[in-house]
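What follows is a pair of complexes built around chain A, which joins chain B in one and chain C in the other.
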Partner chain A sequence: MREEFYKTLSSPIWWGTLAIAAIMPFVLSSYYVHILTLALVYVALASSWNIVGGMAGQISLAHSLFIGIGSMFSAALLLKLGINMWLGLVISAVISGILGAVIAWIDFRFQLGHLSFVLITLAFAEMGSIVVEGWDFLGGASGLLLPKDTGNFLAFQFGGGHGAFWMMLGLAAICVLVNVAILNSPLGYYLRTIRDNEKAAQAIGVNILRYKITAMVISAMLASVVGTAYVRYLTFADPYLLISPVITIEIVLFATVGGLGRAYGPALGALLLVPLGEILRGKLGSTLPGLHYFIYGIVVISVILVTPRGLLPLFERLWARWRGPAVAGKS
Partner chain B sequence: MSELYQALAQGLLIGATYGLLALGMGLVYGVSGVVNFSHGDFISLGMFMCLALYSAFAMDPYVSIIITVPLMTAIGALVYIFLIRPMVGHQFLMVVQLTLGLSLVLQNGILMVFGGEPARTPSFVESKLIILGDTVLRLPHIIAFVVSFALAIGLYIMLRATDFGRSIRAVHQNAHAAALMGINVGRVQVLTFALGIGILALAAALLLPGTPIQPNMGLRYTVITLLVVVLGGMTNFVGIMLGGLIIGIAEAFGTIYLDGPIGLLLPYIIFVAIMLFRPKGLTWSSAR
Partner chain C sequence: MTMTRRTFGLGASAVLAGPIAAPFIRGAGAAEPTIRIGMVNSMSGGLAAYAQEGQPAFEYIIKKINAEGGIKSKGGAKIELVLADDTSQPARTAAEARRLITEEKVQLLTGTILSAQMLALTPVVDEAKIPTLSVWAGGSQSNYMFTLGYPYDRGYAQTMHDFVISLRDDFKFPIKTAVMAYSNYEAGQQSNKFLVEKLKASGIQIIGEAALDIRAQDQTAAMVRIRSLKPDVVVGLVTPRDGILLHQARYNLNYHGSIFCGGTGGYSDLSLWKDLGPEIGKAVLTRNLFGMTGFSAGAKIESMQKIVTELRDVAKLDKIGQGAVQYAQAARVLQQVLENAKSLQSEALLDALKNVNIPAGDPNLYIAKPKGLQFAEDRLLKDGSAMFIQWTPEQDQQVVFPKEFAQVPPRPKS
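Right after this comes the complex of A and B.
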């Protein structure tokens, strides 16, 4: 079952894509590198969310908490207590993991249905944003400003532009690889069983609590780490961006547009939509603020109506149809 | 002591309108099993329509409902027919994602038209105060309370005593059997959704006087509405009104008695606690 994962690891297409992506900063202007970096942030976030939302079928709207802990808390640790951001990254990830485990446990202990899970996680997310906006240690409503990025690697600095791009490329690749690994491991099969029929899964002896917690902890820790890297790239820890439930909604929509529960679906969604949104914002942001979100909304509604399983399966079908006649013609 | 009365009165008054917001969502859920995550954005749409009517014709929010209610009802019907109906019967979560997308569209459509600055819509009652003993009440809150309760009672009678109300209840109890009895289930679902959105236009006018509005406030209204609906046991009429009052009072107590963020958290904490220990909502009897 793990062969698929090792096949991916040794696949030339994978490494080729990564290598081509890695030389992008030398080819593109810094504006497009910035857009690609943002796209990679969302590839990483959507992929990490996919472990819970796509594979286990639990629409968690609490991921803004994990991103928020990873970003706001590690920034606060650095600025208020002078704790190195590498250590802050680890501390935040551990806290996020614990919080994720608690949420998964609550879900299991109280037998929440799908709807209740969405609502409880949304309530947690709202609570998180209220706490951060009202707590000065985390910067309150005005946010925190990180010191300038001088490229000191030991202080979690990557030298802005190019360095941040490579950092994000690495993180996004790791998140997608984790998706591939889980999908092809027993854990992935258990999660999909839980998604498709929780009662039946329990009846055949799947330890639901254990796998739900495992999935949530992995997902939460990844989201937290990405949050830390994202805030270092942004330099400014903005509570209205990083711990607002809107960031989770964006991630959910990217994953849905790309293809839920697939290893490359969320990445595809983010890679298509983030550059589209950013370019629109760059061109029309001053005259029509909110246009890119408006377009995201339209795209997600159209995709759900046309191909509810997302774009990736649609592309696969088109590819198969395009190749189908050619193969038939040969024989 | 006067603080206590103040908090109670304020909470009850605003809570009744929350209950009204939630009734629409509860009805829709009962009839089509759809949870609309763009509910709050329809409220802000209603409010911004009032603002537009005020800036164009200096129309008072209470008067502009003559236009906003039919308009929003029509929008509701169109949204249901073209966006939500194709998804009913699919996986439940797809509707969640679809309405989340709709929420982005509405919120940012409003932002593009009206800009992001907080805006106020004046009304002739805006600053009128009513003083009972040492409790100070704002007239718009009292109007909102009275109208909300009157509407809730009207809805209740409608559900009990009219043919349309009976068909709603029939579809809620068993859509299949209702169809066999000759009820046009699809039509009932469209009309209920339209009614739910139309109620929001009214509630928006009730909440508007004295409240600064912003395009991005929809999500918070959605969350409040969801809290109330879930507290009320999703489809239980009395339970939902009760849930509205509880959330309203929790909010008022939280802001008056507790300092800073904890005060704002109180409604959510109460919600999570009730959700965990009474997952079917506050009312005991199995919801009808």
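Right after this comes the complex of A and C.
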């Protein structure tokens, strides 16, 4: 694990990409910086989901719950109890981790099949949504408006557009690195074994409960942290966005289109599809309402038809063909 | 020609590449000097009904202003609308506004902008210092955001309270108890808070709540609760969808023991008859029910009746309800802002917005405001009041409140 991980960490391509990304706010208008920031939010979320959904093969729809806790709960702690958002971030992440562990335990204890797991996690997400919309402390259906971002780092403020972009860039990079680390560690091998054949994994002595819980806890905590950062960027904690199962569907879509179970697949999916969706809406939204959704849908269907395993494997194949034999990526 | 994966992939890549390359491709600028107004509407998604009805009316008024010589104080400058669709999602309202400001260089913003969208938009308009007129928000959190929507407190809650008290005191309806039945979403919750306080202060006993789940497929449970509590009046802000389900449940349970007072769409929208059907409509809408609305074709307001006729006969619009009139009003407000502003700079436009004044009786005042249209210090309408109507079996509305616009007294309880 360490060798692969440190190879990535010392890669000039990795650092060069980050450096180019970091200067984007000086090159692009605030609209395109916003789109990139949004893409980075989804890079981080899709990468965090990939640990459970891609590597362990557990299609969790509960991630809106973790994002919702990270965003709505930390915002409420700040606005209702005056708790600093850094501390709110930690508290929310711990609660999300505990909930993630409970969900993973339920999955193991009751030997849920794939479909049952999907439905159970969806039920958790729906319950979270109902609780938030009906509880005044969390803003109810009206949501919560955070104080203006004046750039006070100690108060979890990053100074608006550029600062938020860099913060999300850092967070997205961390989430991708966590994927790289897990994928190349024993945990990653165990998770893939569980995904491919759970009974065989158990038979050879893989501690299913332990690794499922570990994956879910890491994934839930990361999603929660991204949720806190996202709500700080948005300023408005909107329950219909942040704790809606729709956000999980989007994450699953980006991860699937990019390449499920790959370290960089979900990031690629988000980096292509988020700007595509946003720009299509901007260009076509006023021409014929809904047209952008239609084109977006056609693109997604096309990608899935052309390369069912995602875009990253396709790019790897094309790269290998161009460069000669190459080592295929882990998935 | 057969479609292979490769050709399919090439096509998809082309579609992908175009929008992604967009920021790096500069378009040719327009040569003609115009005033650009950005309009972020919810043309798709769950809130599309507002803008699909309102945008054509808004565009009609803008075309009319341009045809009549544009903004005269600005040398006859024409207004150019730059449209955007936020798909009814607040975060996208903010994103589209950002695009209109930075890419399209608009000087003013307007659009559906309901309360949640207003909150999401607040940091963007604050940062860009762009004067903005919301058609429907119930509040404002930015110095640059003004709204024509009903304030939750002195709009929705005050009007509903005043009508209930008027029924009790002026028309001697026996009203001592109330159940709060409201759509359980942002505007419903907010207006309910204020309404409960006001009703209690006026001596009405609140004996229960029936919050309507906005995702429910049926409101029978809420109606059963109302029937079990049997209040004198059922009151609250209800969306059209919840209204339809509530009235259906009321019909199925054949419940007529309370007076139903509420707003706006769930009680007053013209589409209720279509969705409920004439039989259910006649049974429940015309009996013990009063609806709050900002617009009614029958109201004794000459300018309102004129604009309805014009939108129907000249603009040839199919759907003319509260949405169309509200958007038409927004266009007239923006016209006055542009005429009165000393320049097209942000601060000058902001000053003009603060000082908007369309007095009662003005032909450009389309909505029911006995004291005219002005903005208060909080950037909400000074006069946030609305009207109450009752339905007739012929599917028409009769204004019953306030007395300035009333056509008939409220129908007695039956």
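The rule is short, and it goes like this: the second predicted complex is superposed on the first by the 304 of 331 C-alpha atoms of A that agree within 3 Å, B and C clash if a C-alpha of one lies under 4 Å from a C-alpha of the other, contacts with A are read in each partner's own complex, and residues count from 1 in each chain.
Basically, contacts are C-beta pairs under 8 Å (C-beta built on N, C-alpha and C of every residue); 3 or more make two chains touch, one makes a residue touch a chain.
Predicted model, so just to flag it, every value in this text is computed and none were measured.
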Partner chain(s) touched by A:P289 [first = chain B, second = chain C, both, neither]: both
Touched partner set for A:A164, first chain B, second chain C, both or neither: neither
Chain B versus chain C as contact partner of A:G297, first or second or both or neither: first
Partner chain(s) touched by A:L305 [first = chain B, second = chain C, both, neither]: both
Partner chain(s) touched by A:M127 [first = chain B, second = chain C, both, neither]: first
Which of chain B and chain C A:I103 touches, first, second, both or neither: neither
Touching partner for A:S116 - first (chain B), second (chain C), both, neither: first
Common interface positions of chain A, toward chain B and toward chain C: 133-134, 289-290, 293, 298-299, 305
Chain A - residues contacting chain C, complex: 28-32, 34-35, 38, 133-134, 140-143, 145, 148-149, 160-161, 234-236, 238, 240-241, 272, 275-276, 278-283, 285-286, 289-290, 292-293, 295, 298-299, 302-303, 305-307
Chain B - residues contacting chain A, complex: 35, 83, 86-87, 90-94, 96-98, 100-109, 111-112, 115-116, 215, 219-220, 223, 226-227, 230, 260-261, 264-265, 268-269, 271-272, 275-276, 279
Touching residues on chain A, where the partner in the complex is chain B: 57, 59, 106, 110-112, 114-116, 118-120, 122-124, 126-127, 130-131, 133-135, 245-246, 249, 252-253, 256, 288-291, 293-294, 296-301, 304-305, 308
Chain C to chain A touching residues, read off their complex: 5, 8-9, 11-12, 15-16, 19-20, 22-23, 43-44, 48, 52, 82-87, 89-92, 94-96, 98-99, 101-103, 115-116, 119-120, 122-123, 126-127, 141, 184-186, 188-190, 211
